[in-house]
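Chain nomenclature is as follows: A, B, C and D, assigned in order of appearance, with residue numbering initiated at 1 for each chain independently.
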């Protein structure tokens, strides 16, 4: 089955109020071309699930698409805090549910294994347990050991970005995998952008780096630089200059409006042009 | 802080951190200080460590010149690739060590990277607990460092417990994940004071007890007898640190504001040149 | 069983099995019949199937001449490698199909591969339930085949429920994993009789209802109206089966005793020669 | 750390009454050289955990080393039933606990994640739940859904065989991984035999095929043909002729005594000699 589609096709398939799991990690391999299209769409009341969020969550909050965030972390790593996330948390303009890295994984895994919960010791002794109403303290049925029951996280949609894919929806991830496989398996529909589409034969040569299996993917979009400004190892590194511009823009309403006009309210081709085109990006970001 | 001219405070801290590591465990490299400590430890003190090249992957990597920052910028994966499941399995089986750099740590070793003020309406929203709840409920040794020991970072009680310390936090956890050591710019601290409170193990060369007291938000436990001095880094320690980090990525963590931004961009540009010379791209893609 | 001379009973069975498969799911290849059915289905009826080359791995493999037996003898893995976790995640997410060949099946579709007689002191100990409990609690379609429809294999009540059928077995499971179809050397049977009992869907060409009754250990439900005849394999079906299995591995499952042993060794020896000609060893090790 | 040791070193480290998890699957990649050494040792009252057992379990039962077996399946795949397993089950000369493929995996995973149980629907509606006293029916704490609590399986020792390893204990598995990674992570001590020891640099080139991480392994033994008579893809295929001899030998006491003398009560070098030496095996089993 040929699952190629356009960025807009993907966005068309996402209903209002959908729960969307996003792969990648902070400033690494986020499906930013898809996220930007979502950010400029008219979708409303989205719930976003991320393990380690970054510009993805921040942009969706910045353009008002999100009602609720389930997260273990949202930040820009070495660059500092996520500005719209920070503001929205402090002003409570969205709902936030703080999970942790493993519990997000366990929640997705519970959905995959069709069980309503997974047990863990993680979050015992912390205030995460106090502020997260989704978790429940339980006793183990064999020895009465105190545990936390992590409920299943069931995304409607997963968005991920990979290095290579074939038209059937198999995907190769060469750098860190983050939680992309869990997102892809747990979601009702997984859409994947990729740097390049390869033939299925070429793809098979990557062996165990073929991490996304086609039985889990509903759509494939070829989008070179689709993770930009986050990095996509080993194809390109994070665009720190762009992220610094982003952080600066987010400091004022005017700055943000200009940023949106230039980098969000444009299609992917124009987005790349506004960076001086792919050649300019190559010269700065390929290693 | 007056230190002998032949070494800097960052080298004292990194060396003190390195000397805590031992055994055959994965060591995460999330920050420059953690990364350099792991690298130094492996070279000098704990040859069996399995050092990761990115926060989650690349076991037993050959160190690169931009040992630390590279991980976030390009997320280059060399060595043996791991998955997030591997990382958390290593945490749960106590085969993992990490130097956590919290925003706040309190007298019981509770740590906070989530928020300043009340969680529901924070004064400052930080990043979210990430994987700290997992570390502080499973590891037999948990390590913390703080580069600016102050009344804002070393506090009587954290605003939010992202990580479980001693005292009340241990009720359901037992000893799993209890705090082991804190290294700051002033000294090395353990948590074997009365009731598991923070205690002085040693103060760095030239640091006075009064200064530590003035910069600590609670009454520090001082063990009987003379206060020990932190053993300074040897010439070999210093050489290894400087060789491993020629771009001085580690200095970034000590800076803030425009100075940091400027240095950051400079490192970022130089990193690319360095990668060009060293990155075995063919080996990776040819697999 | 009298069949038209242009096709054999194994080809009728395999074709009937192939016609049950559809959609984009992993199909396991544990047995020769299951493997050939998957291969035929992919070629003729369900092009999106992802056929596995070994019981647990090698997705989307290029079929080899010894398509089926090879998997156990050399466990050669081609295509996209999977893990056991991938396999069970595919079962739990209903992305997996398998043709199960039980020792006993009963009127409710309960199946047994564990033992004849009481479990605690069996008359004949077989192999153990393997992954059948997982299949029969999660898949939306479960497929069974039996090559010697008899009073010993198609029984009123299995001695041990390795797999959950209809009736009482459904109390805690709902419809997840309920039996879908049974193909035998006599016909095709569903489980939509009263209370989820076995019912005749069609009888193979030349098979009489009386023969089926005589060889079935309970009163089979016969739907109203004339009994349908199983659609025989087309010339193209037969050609594909014979081409895919030139060593006639499939005949082994129909044999027993010294005859089977002799054929087995002959196939085993010829297999090695065939592998020598076709196995892309360099590609595999050179990855 | 150089973890090389001899087969006898491994056996010396296994105490009486130990619980041993064995990797591989039926007639594929079983650590048979280690298992034979265990079979001819004077160890007593061992508990063996296998997901899919074959000649490993059967041999240990045949030489009287085993008190208790936890298994999802024990058999010789296409070759039929396991003779000593069958006899021991029918005469109740050992204790048997029937699990299933996923529940064995979940039990090992529970130990890895230091939780006392994992929840699943598998075995509901089957008689496995009735005959396995280790499982417990529970209700999910959120929605009262019926589930099975699978208790943690905590092996003292894991024995596995891999294609390549380095002296530090990293292991490459090129064929199906079966449950070897789970065994290695869950056991207190993992011992690994391998076809060949490679340098750590060579090993890293296998990327994600490096599945066993050195932090989990305590000993490495270089044993070419160490899985024989089971297969070790892609190095060699299963020795069906030997397994047929085995099955025949196990039919009579005399036959079995001769088999033991020739193939069990001898060291690995002599074992290979008794097959005509490695050259003879190459000519029959390499593909």
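We take it that a contact is a pair of C-beta atoms (placed from the backbone, for glycine too) under 8 Å apart; a residue touches a chain by one contact, two chains touch by 3 or more.
Since the model is a prediction, treat every value here as computed from it, not as a measurement.
Across the two candidate interfaces, A-C and A-B, the one carrying more C-beta contacts is A-B. Centre-to-centre separation between chain A and chain D, using Cα means, comes to 40 Å. Per-chain CA centroids place chain A at a distance of 27 Å from chain B. Taking each chain's centre as the average of its CA atoms, chain B and chain C sit 56 Å apart. Residue positions of chain A touching 2 or more other chains, listed in rising order: 113-114, 121, 207-209. Contact with two or more other chains is made by residues 81, 88, 138, 176, 287 of chain C. Applying the touch definition to every pair of chains gives A-B, A-C, A-D, B-D, C-D. Contact residues of chain D toward chain B in the complex are 1, 112-114, 170, 185, 200, 203-205, 207-208, 210, 213-216. Chain C meets chain D in the complex at residues 54-57, 69, 72-77, 81, 83-85, 88, 91, 114-115, 119-134, 136-138, 160-164, 168-173, 176-177, 252, 261, 264-265, 268, 272, 275-276, 279, 281, 284-285, 287. Contacts from chain A toward chain D in the complex involve residues 113-121, 136, 138, 140-143, 145, 147, 149, 151, 207-209. Here chain D touches chain C in the complex through residues 25-29, 51-52, 71-75, 77-78, 81-82, 85-86, 89-90, 92, 98, 100-103, 105, 121-128, 131, 146, 174-179, 181, 206-207, 209, 231, 233-234, 236-238, 240-241, 244, 284, 287, going by the rule given at the top. Chain B contributes residues 24-26, 47-48, 50, 59-60, 78-82, 86, 88-90, 92-93, 95, 138, 176, 283, 287 to its touches with chain D in the complex.
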